[in-house]
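In what comes next, chain A is part of two complexes: it sits with chain B in the first one and with chain C in the second one.
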Partner chain A sequence: MDREPGIVRTYLRVGTLFELQYRVNFLLQLVQSLVALGTAVAVIALVFSYTDDLAGWSPYELLVIVGVHVLLGGVIRAFIQPSMQRLMEDIREGKLDHVLVKPADAQLLVSIQKFSIWQLVDVVVGAAVIAVAVVNLDQRLGLLDAGAFALTLILGAVTIYCFWLLITVGAFWIVRMEFVAELFNGLYQAGRWPVTIYPTWLQVSFTVLIPLAFAITVPAEALTGRLGGTMVLAALAFTAVIVALTRWAWRRGLRRYDGASA
Partner chain B sequence: MSATTSAVGPSGSAPSAIRGMLDFYATVARAGVQEQFQYRAANYLYMVGMVVEPVIYLVVWSTVAAANGGELRGFTAGDFAAYYIVWTLVRNMNIVFTPFGWEHRIREGQLSGMLLRPVHPIHYDLAYFAGWKVVAITLWIPIAVVLSLVFRPTLSPTLPQVLAFLLAIWGAYVIRTMLLFVLGMVTLWTTRVTALFELYFTAELLLSGRLVPLDLLPTWAQRVADVLPFRWTFGFPIETLVADLSSAELVAGLGMQVLWSAIGWGLAMWIWRRGIRRYAAVGN
Partner chain C sequence: MTDVVVEDLRRVFRVPVREAGLGAAVRSLYRREHREVRAVEGLSFRIAPGEVVGFLGPNGAGKTTTLKMLAGLLHPSDGSARVLGHEPWRRERDFLSRITLVMGNRNQLQWDLPVVDSFEMNRAIFRIPRPEFEAARDELVDLLEIGDLVTKPVRNLSLGERMKAEIVGALLHRPQVMFLDEPTIGLDVTMQKRIRTFLGEYNRRSGASVMLTSHYMADVLALCERVIVIHHGRILYDGALSGLADRVAASKTITVRLPDGRVELSGYGHVLARDGGRVTIEVPRTDASRVAARLLNEHEVSDLTIEDPPLEDVIERVFSDGDAAAAEAATAPVPPGPTG
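Entry: the complex of A and B
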């Protein structure tokens, strides 16, 4: 088991070296991130030109959500989505054999096979937005809140990873899954607003069907002093359940896999 | 267009050229219908994903309206529901061959094959995507019914409004095809176009009526939107059905669509003539 950190480090290093060949992409990514952020801020400004509180959230509190949304979006596109899309392709084309024969955990290997490090620009931009928003909030941020934020954010990232892998594993049964990335990115946009503004049936969907509530709203609630201990426990429990479910689905899916030409 | 004439009719006379063009459109559109109908499941999931976007806007603006005493610049929750449900159809009409697709065609040299045909490639895309619209509209109807049951729109269009709407959605389709063709052609000069496309789509999102009804924008932004083509591809078709436009306003709006279609066509032909000389492909 103690080889795993070494494997992750090596894959990360190779992935980073590969991406460093394409440095202009950094500038393109920066332009895109700033344009997207500008749009998000313009929308918030427009909304708050008509009201000074959206379902109990003030402008800077909403900016916290935007920051978390951008940051987590960066994590997803840098670390999660590239590997998952590669995995979908490999399952469809029967190229998973080269992973399965390696003497390490296959789920780990498929989850770290590809990175898009330039997407980390969004992580930096998101963190900066959160910092600006928190500084401008009325209430002071306690150490406990900051801890709860860090914890729920990590849980949120793990949840989204599990969610992506669960969908990708669907490729073992349904071969054509290319539209999933598009579908996910469309749904992910809903996380830019607190889930509490949606009608109940959508709130339930954004909690259970696609875990936006735990991934984005809950960490933002920690920073804006709305998060109770029960919610942190709920986030922990939810993450534990989805991790176990994903592991189980991955094993079931592998049993359905036939190689193409190995 | 002389190449077209010689290809479609032995006599080469004007009426047979038009007939030939109509034949071409009908055939390609039929192929579009058949091909896209095969992918109805994928089309459907794509559409369901697409519905999330207007639902978000609808919820946000309804919440703001509720906080404002139930109304926002004359928009009630029911008006917003009507706006964003009609939005879903207009969004489907806005799907045309993308500049990313043109970048791909040009970078990969697929354009070579298209140049050999006697018909300008833009006609092929116009016809094919028009056929796809038939599939899209068919699949859209149940989605619209479900959305209407959930969000209860206030919608009572008059006959002239319905007629104007049926014309305006196709006007929107033509204008957007032309504009995105022009944008795609920029790839003939430089292949680093992603950031440019991104900026274009952002301006379009904000100033077309897609993100929010233009009436809710600050006055200066509305003035900017007035001189740009975007609103005629999105906000105007929706307004023909949901806003209280007079017949004169409807006709004036359709006139603006004709104007922008003509400008778009002129730009498209101009940039095509300038750009195609720069095109070079290897192999193929």
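Entry: the complex of A and C
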């Protein structure tokens, strides 16, 4: 596996240089991010004009969730979604051959094939929102909380990546999977609120089926003093399981590809 | 020493079938019917290092399936294959680092990126040390004359330019075995020739063995001393290209040039063409030298050549013979015992 970091570095560099040519995308993205953020904040303000507390979350605590939601959304659209959409096309058109004859991990190669770095604007905006919210929170943030936040956020990103790949790999069996991107983006909006405000069946769905709880609510809990050690362990375990499951499904999918292409 | 050893290689595909019509479509929802397609039926051959082998056959003969099995993309249903001592379908890194697969109708380079960036990605994937990479890149770019194209995005290149860039990208790691599936498909004659010349030159310089499929006989004539002809997944001929005509063509053509264009030559053989004093006659293979001698004796001949029929015709003949043999086998009573 010692050659993989070099591959990732090269892909990142090449992809970044390519995207830097399209500077107007940066402005567009910035405007889009700010409009989306403004809407989110307006909705929170509207909710809290009627109540002081939403399922135990104060306005600034909810702003933390908005920040995590925006940040992770940026990560997804910058690093995960572009490659997964390309992969979906490649599977459908039987164009995976060139990846499979390369002496590197095929899952890695398909997962880093495309980036949209301007989407990282959302990561910056999300981080800024989190910072503003945390400064205005009542309780002080300890080093341990920050560490737990960073860890659970990374686990959340990995979980979302696995979730995307699992769905994309479905294209090995079901040919048309494009609608999934739309579906995911729709459902991702639900992550703007803490999963605890939803009815139990939705909470379960957002935890196990679409891992929004682990990706967004759990990191936000770390910053708002709600996260216990058990939950961190649960997030770790959940990530480990979904990583293994994804790897397994990817291998099964490749075997299927082997059988289908002529 | 052999680079490729193939023993009784087979591949069966299971494909879903349904008849036309709504009823059949609905039925197929709950009960899928499958049909077995035997793409490759027991191929055996060996390829020595540095050898260039033409792999010929009509569409659907099993050429691409075989190349895919040898490049590690497909698992065979039965039989064995070793390429550079590896079982290809294990896709071991040492194996993949030493082979290459070029498919004329697929592109491996990144569509939106400049060509050099794709090369750079291959450098990282194959872990080619920088000096070696640059030497290989510059040599190949020079040989194929694409120096001014490499900074353009792939999507801006013409088909021929793209193919040249593809080939450079596929050879940067200096593979020992090359699988080329229709590398000149869709290209104009000049470009085909350019690529052909390059492949010949590369083979001489690197000593890499090459397995090539092409529908253009000029590619085969220029590059391959040996051909393997397959049809319906079976080998019909494996041997020297020059021996193919001896084996299957029943005739030769004699072309004579006579000062007197009115001479009647139908008594010597089947007259194929007559253009002034230039007459082409088809004669049975075994009679060719005797007829030629007679012509020289009996007429004032200014020029005479004896040739095999064009390779296209020879190949077509191989296929039709193959079909006839298959039909015969299908109607013949099946002998008892296990069948493959």
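One rule holds for everything that comes next: the second predicted complex is superposed on the first by the 257 of 262 C-alpha atoms of A that agree within 3 Å, B and C clash if a C-alpha of one lies under 4 Å from a C-alpha of the other, contacts with A are read in each partner's own complex, and residues count from 1 in each chain.
Note that in this section a residue touches a chain if its C-beta (ideal position, glycine included) is under 8 Å from a C-beta of that chain, and two chains touch if they have at least 3 such contacts.
Everything quoted here is computed from the prediction, not taken from an experiment.
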item	value
Contacts of A:193 with chain B and chain C, given as first, second, both or neither	first
Chain B versus chain C as contact partner of A:55, first or second or both or neither	first
Partner chain in contact with A:143 - chain B first, chain C second, else both or neither	neither
Chain B versus chain C as contact partner of A:18, first or second or both or neither	second
Touched partner set for A:135, first chain B, second chain C, both or neither	neither
Per-residue touch tally on chain A - higher for chain B or for chain C	B
Which of chain B and chain C A:3 touches, first, second, both or neither	second
Contacts of A:39 with chain B and chain C, given as first, second, both or neither	first
Doubly contacted residues of chain A, that is, touched by chain B and again by chain C	none
Chain B-touching residues of chain A, taken from the complex the two chains share	24, 28, 31-32, 35-36, 38-39, 42-43, 46-47, 49-51, 53-55, 176, 179, 182-183, 186-187, 189-190, 192-193, 197-199, 202
Partner chain C, residues of chain A touching it in the complex	3, 6-7, 9-11, 14, 17-18, 95, 97-98, 100-104, 109, 113, 255, 258-259, 261-262
Residue ranges of chain B touching chain A (in the complex, touch as defined)	42, 45-46, 48-50, 52-53, 55-56, 59-60, 63-64, 67-68, 72, 192, 194-195, 198-199, 202, 205-206, 211-212, 216-218
For the chain C and chain A complex, residues of the former touching the latter	13-14, 39, 64-65, 68, 71-75, 89, 91, 93-97, 99-101, 103, 106-108, 110, 112-113, 117, 120-121, 123-127
